[in-house]
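Note that chain A is present in both complexes that follow, paired respectively with chain B and with chain C.
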Partner chain A sequence: MAQPSSLLNDRRTLVFVLLAPVLAFFIVFNTIPTLWLLGLSFYNYSLTSGMPPEFVGFTNFVNIFFNRNGIWSDLSRTFIFVACAVSLQTLLGLMLGFLFWGSRNMPGRRIALTLLFTPMVLTPVATGTFWRFIYDPTFGALNALMGLFGATEPINFLGDPTFAYWAVLAVDCWMWTPFMTLMTLAALGSVPKAELEAAEVDRLTWFEQLRLIVWHHGKFILMLGMLLRTIDSFKTLDLIIPMTNGGPGQQTRLVAVELNKQAFQSFNMGWSSAYAVLLLLISIAMTSVFIHVLNLRRRRERS
Partner chain B sequence: MTKYTTRPSGLMMPRRQVLKGIGAMTAAAAMSMPVTNRAFGQEAHPLAGRTIDMNILGIAGWLPSSLSVAMTPLFNDYVRDRYGYEVEFAFAEAPFSDLFQRAATSLATRSQEFNIIISDSQWIGALAEPGWILQLNDVIAANPGLDIDWYSQTVIDTYMAYPDGTENIWGLPQEGDTIALFIRKDMLHDEAEKAAFQEKYGMPLPQTFEDFEDLTMTDFEKVADHFNRPDEEMWGTAMQYSRVYDFVTCYLYPFMFSQGGDIWDASTGQVEGILNSDINAMAMTQMKDWLKYQPPGATNFGIAEQIDVFTTGKVFSCFQWAAVGLAMITEEMKANDQVMVVAPPKHGTGDAADRIYTMGGQPWVINAFNDEEKMRVAIDFMNWWYLPETALEFARRGGNPADRPTLTADGFDDINPWNRAYKYMLEPGRSRDFWHHPKYAEMLAVQQEAFTSYMTGQTADPMQALNYAACNQQQILFDAGSAAQSPSRSCITATL
Partner chain C sequence: MSDTGIVIDGVTKRFGSFTAVDNLNITFADGETACLLGPSGCGKTTLMRMIAGLETPTEGRIIIDGRDVTDLRPRRRNIGMVFQYPVMYQTLSVRENIALPLKRDRNLSASDRTKRVDEVLEVIDLVDRADTYIDELDAGSRQKVAVGRSVARQTKVVLFDEPTTNVEVNAKLTLIRTFKEISRRLKQTAIYVTHDQTEAMTLADRIALMKDGSIIQYDGPTALYQKPASEFGGWFLGNPGMNFIPAERTAAGLASPLLSSPLAAPDALGSGTVRLGIRPEQLDARAEPFEGSVEAKVEDCIVGIAGQLLARLSVAGETVKLKTGALPSMRAQDTIHIGFPADELLVFEDGVRVP
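Coming up: the complex of A and B.
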C-alpha cells in the first residue's frame, strides 16, 4: 500500500490542507464580497444610470446620516422592533420551554411540539402572505373571529398606522417564539440531572434551583438563541415585504426594507453599500455586546 | 418632436453591426437556400431548419402577460410554415414589483437569459439608458410590418419613446391599458334602484355608456353613495390605495391630472412647486374622502384585492385596469350579463370638468445582448405579433392591442365588454403615462410612502406628504443630474 505523501505527514501542512476548502469558501463568498461592498460604499454608482462608478469618498455615509429620508427613524423603528420581538419571544419561549420540560409524560407531547415548531420552518414570505389574508378587514379570519365576540367594526390591522407595526411584530413573535422554545429546551437539556437531584436532596427552592443550576448550565445556549434572534430580527425583511411593504407610509420601514429598496429597486449600489456597511457595523457591535455579557462572569471569576 | 438619435448601446457587438450581420445572414441564406423551401412556399430565412431557444420574461399573475405566453405556439406555427425554423420558448415570471429587479440584474451582466421582456412602460428609461435594450428605430425602418399606425400618440408616448418627446423608439406595445369603470349592470338597471335613486337625488340613475361619458365624480359619488350599504356587506366602489409598486400613484394621478395638477416638468426636472401644489393637495383629500364608499381595508387594495371584492359581490363598482377585464368578469357574471364597463367619470364641474386618467399597459423590449440568431427571432416575433390576425386573436383572447386597424375594425367594441371603454380612454388627452426616467423606481418609492402615509392617516396634512415627496424627488433628480435646481431650503423640514 502506498504511503501518504510526506507533506501530509507534517501536522501543520495537514491542518492547512484540511482547512483549505473552508478557507477558500470563506474568502470567495465572504471576505471578497465584504471588501467589494466596502469599496463600493465610496463610489457613486447607479446600475441604471449607464454611468461608470465615480469615487466620492465618504459622501454616501454623510448622505445617509444627514438625508431627510435618512437612517435615524428607520434605526429607531428597528431597535424597538428588535427589543420587543426578542424580549417577547424569549419570555414566551421560556414559558413554553419550561412547560414542555416539566411535562415529559404529557399525552400528545410530541404532536404538540411538532405543531409548535411548525411556524418556525415556514418560509417567511409565505407566512407574511397568509397573515396578510388573516388580518384582512374584509375577508380575514381574525376580524371574523372578533366579530363573533362582539366587535362591531373590523380593524384594518395592516393599513392603520396605529396597528400595522404591532401586527407585524405579532407575526414575527408567532413565527420565532418556537425557536426560543427550542433553545430553552436545549438549555434545559444541558442541565445535569444529578445536580438537580442533589438540589432536591438539599431542599433548594425552585427559584434557587433555577438560579444556581439551570441558569448556570443553560445560560450560554439561551444567550446564543437571543443573539441569533437579535441579529435575525435586525434583518427582518421577507416578512414585511408581503405584509406591508414598509407601509402604511413609513410605519413598518425597518432598515432592511430601506436597504432592499435602495439596492434592488432603485439600484443605488454605492449608497446601499454604504448603508449595508453601517448595518454590518451595528450587527458586529450588538454581537460584541452579547459576547461581552456572556463572558462577564467568566472574566470576573478569572480576576 | 426631435428626430431620433442613436446612443451607444452597450452591446457586446455594436447594435449596427448586429443588424448588418442579420442582413448579411439573410442575404447569404437567400442565395444558398435550397430550392425545396420555395417549393413548399417558405421564404428564404437564415434560420431555416434550425431550432432556436428563446426566453421571455413576463409579469407573474398578470393576465395580458400570460395571454402572450399562451399565444407563442401560434408563432411557432407561423415561423415553421413561413420560414422553416422552430422556436422553443421558455418563460420566466416575476410580479410587477420585482420584474425590473429580475430583468436588471440579468441585463446588467450582459446576459441573454431573457431575449424578450415584457417591461412596464415607466422602465423604458432605466432599461434604455445603460444600453440594455435594443433601440428599435433601425429595426422598424427595415421591417415595414412594424411601421404601424398606432391608435393615438398616447400609445407612442407611453410604450415606445424615450426620452419623452423624441422619436427614439425602444419598445413596442405588448398590451395597451387604461383605467375603466366596472359596474354591476344588474343593480344599475334594477327598476326599484332607479326609482329610489331618482327619489333620493332628484336625477336619473345613469344607465348607458353615454350617460357615464358625461358623468362627473360629483354625480358618481351619488351613485356610489346610493349603493353603499355596509350593513349588507355591499360598498359603493373600489380604488387602489396600496403601497405596493405604483398602485396608489396610478389612482391618485387621475384626481390630480384631471383638475390641472401636474407632477413635474420633464424638460427641467423640476418637481418642487409642481407636485406640491394646492390642486394636488386637494386631489389627495378628494381621493381619501372616497374611502367612505369602499370596504374596510381599502387602504391595502391593489389589483388582486379589487378583483376579489368585485367578483365576490362586495362592491357595486370598481375602477380597474381594462387589462384585467377577464378576471373581473367571472363566467357566472358573464352568463347573467351582470357587468358593464364604462369610461371612468370626469373630475371637476361644469365646462372645466375633464378626465385624464393614468395609462397602464406594457411594452415589449428586446435584449440588446441577444446574439444574431436570437435577435432575428425576436424581430420575427415582433413582426408576427403585429400582424392583423395576431392582434385580433390577442383581442379575442382578452388582450388589448393598441394599433388603429385592429381597434377600428368592425366588431372590435363587442369582442370584450371593456373594449369600448379601453378605446375611449386611449383617445388623445384622456390618459397619460408618467415618468420614463431611469430614476423611476426611486422616485416612485418615496412617492408611494408619502401618498399612503396620508391615505392611511399617518400624515394628517396632504401638503406635508406632497412636500416630502417633492423634496425627495427633487433631490433624486438633482443627484442624477436631471434637475437644474437642488431642493429648496424649506425641504430641510420636509418629513412624514
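Coming up: the complex of A and C.
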C-alpha cells in the first residue's frame, strides 16, 4: 500500500499480460474473420470466375432480399424448424428428465441413461446417413415396421414433399432430446433437497413445489439449454445434407443449407458473406432476447 | 405405553451395511423440549428424519399421540420441521412464507390465518420486515422465518435439525432466545438435534445423549452433567470433558495414587475395571499443600474464558485436566497442590457409572 500508483500500474500490466493470449486468440480467430466477412459482403466475388473482388455496395443484400424463393422462404422454414424442434425437445426432455429424476432407485437406471444419451454424442452426418437408410422406402426399417402393422404402400419419407420436412425434424428431435433431458436433470439437480423435504413437511401441493422450488432453482439452466438449442438448431446443416440435401424441391432447405450450397458449391463468396452477416445478426438478436428475458426475471425478483 | 408424546418403539435404521440407529426405544413426553445430542454420525439426525417421515425405519414403529405413523408421509404426520439450511420459498415474502403451510388447513378462516401469522411474526421479531424478500435477509433471519413457518401451523410436534449450524454466532444467540420463547408460548413437543452441548444445555427440558445409534442417557441437563450414566457422557459433556483416573480395590475402599485416602466403594460395585471421574472445575487446586492434597506439576496452561485457567497437570504419572479461577498466576512447570473432593468423585465400572 506504500505506492498505490505503481501498484496500480503493475496490476494493469499484469492484467494485460494475463489476458493477452486469450485476446490474441479471440482477435485472430474471431474478430478478424468476422470483420473480413463483413467486408466481403460488400463485394461481388466469385471463386469460379477468376475475377478480382469488385465493390458493389449493398447489391448483395438487395439481391438476397428481393430474390424469389430466397431468404424469406428459407427463413420462415428455419424459424418453424427452430420453434418446433426446441419446443418438442424441451417438452420431451422435461418429461424424460422428470422420469429419470423420480426413478433414482430404479435398477438399470444408469444403463438407460447412457443409452438415452447416445444419439447426442453421434456425429450428425452419421446420424443423418443411417436415418436415411431407416426412412428408405424399399429397404428401410421404418417402412418394414409399418408393413408389419398393416401399411400397404411404402412411404418415401425423405422424397415426399409432405413428409420430408417433418421427417428431418423428427431426426433432429431424436438426436437432441437427450440434450434437453441432460439440461433438465442438471436443472433438477440444482434444486436443494432440503427445500423439497420442507415442502413435503409443509404440505405443499406438487404444483406449488414445482412453481416455488423446482422452477425457481432450475429455470436458469433450463433456459440456458433452450438458448443453446435455439442457436444450434438455427444452424442445422450436417444432419440435413446426408438425408435430403435441402430437397425434395426446397422443402428442407434451411438457411444453413442454402448458405453452404452458395458458398461451397457455387463459390459465390460475396453473396454468401452477405447472407452469413444476416444470419449472424439474427443469431445475435435471438440470444439478446433470451438473455434479456433471463435478466428480466432476476431483476423482477430483486425489486 | 403412554398415549401422548412421541414413542419410538424398537426402531432400527440401516443404510446398506451401516446401522445408523440401532434398536432404539425412547418416549418423548408431550409438550417437552428434548435435545438429541451426540457426536457426528451417532444417528441423531437419522432418528429425527424418521420421526419426520423423511426416512422410513428398517424395523420398529413410531407412534405420535397414540397414532402409528411409521408408514405415513411427512405431510400426514402433523409435524413442523426446521432444517439445517434456512429453507425459505425464495419468491415469496416473509409473510407469505409463514402463511403458506396454513393454506391446507381448511378449518382456519382467513382472519384467523392472518392473526396467526401476525402472532408468529411478533414472536420471531420480524414484524417490520414482514413484506421483505429472502435476498434482503441474513442467514439468521432466514432461519427465524423457517422457524416461524414450521410453528405457525401449531402442529403437535416441531423438529429442529441443527438449525443454528449455518448461522453466525451473534444471530445464533437471538435464534436460541427465539426458540425458548416459542417453546414457552406454544407448548408444542419439540425435538432438537444438535452437536453443540451448550445449545442443548440451554434449550432442553431433557437431553438424549446418543452414541453409535443408541441412546446412552435421557435425562435433564443438570443430571446429565453432574451424574453421567457412562464415561462417554462425562467425556462428551463439559469443556474440557471429565477426568478419569484408574483406581484399585483395597480393603479400605477404592485407592489411587492420586487420592490421599481411599474412597468408600459403592455397594453395587462388581468386579470390572474401575475408574473414577471428576470434572476439571471440581478439582480443588491451591498453591500450598493442604489437607488431603497431592502434588501436581503443570504441563501447560492456557487462559480460558472469563479469567478461568485451563491446565494440563501431571499427577503421579496420570494426566489430569484442571479448570480453575483460584490460581491466576499459574505457569507451566509450576508445582501446585490439588485435592479430589470425595463427594464429587463418580465411580465408573467398565465405562458405566455405579451409583
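Keep in mind that, in the parts below, the second predicted complex is superposed on the first by the 290 of 303 C-alpha atoms of A that agree within 3 Å, B and C clash if a C-alpha of one lies under 4 Å from a C-alpha of the other, contacts with A are read in each partner's own complex, and residues count from 1 in each chain.
The definition used in the following text is that contacts are C-beta pairs under 8 Å (C-beta built on N, C-alpha and C of every residue); 3 or more make two chains touch, one makes a residue touch a chain.
Every value quoted in this text rests on a predicted model; they were computed, and no experiment measured them.
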Chain C versus chain B on the shared chain A, clash or fit after superposition:
fit
Give one of first, second, both or neither to describe whether A:E197 is in contact with chain B, with chain C, with both, or with none.
second
Taking the superposition as given, does A:L47 touch the first partner, chain B, the second, chain C, both, or neither?
first
Scan A:D232 for contacts with chain B and chain C and give back first, second, both or neither.
neither
After superposition on the shared chain, which partner residues are touched by A:P161: those of chain B (first), chain C (second), both, or neither?
first
Is it chain B or chain C that touches the larger share of residues in chain A?
B
Three-chain overlay: angle at chain A's Cα centre between chain B and chain C, nearest 10 degrees, stands at 150
Once chain A of both complexes is superposed, is A:D136 in touch with chain B (first), chain C (second), both, or neither?
first
Name the contact category of A:I213: first (chain B only), second (chain C only), both, or neither.
second
I want to verify one number: the closest Cα approach of chain B to chain C after the superposition, in Å.
52
Considering the complex alone, what residue numbers of chain B touch chain A?
10, 97, 100-101, 104-105, 108, 126-127, 129-131, 241, 243-244, 295-300, 308-309, 314, 438-439, 441-442, 445-446, 448-450, 452-459, 468, 471-472, 475, 480, 491-492, 494-496
Listed in rising order, chain A residues that touch chain B in their complex are 46-50, 67-69, 132, 136-140, 153-154, 156, 158-161, 244-251, 253, 261-262, 264-268
Which part of chain A faces chain C closely enough to touch in the complex?
192, 194-195, 197-198, 200-204, 208, 212-213, 216, 301-302
Which chain C residues qualify as touching chain A in the complex?
52-54, 73-75, 79-81, 83-85, 87, 89-92, 100-101, 104, 133, 135, 146, 149-150
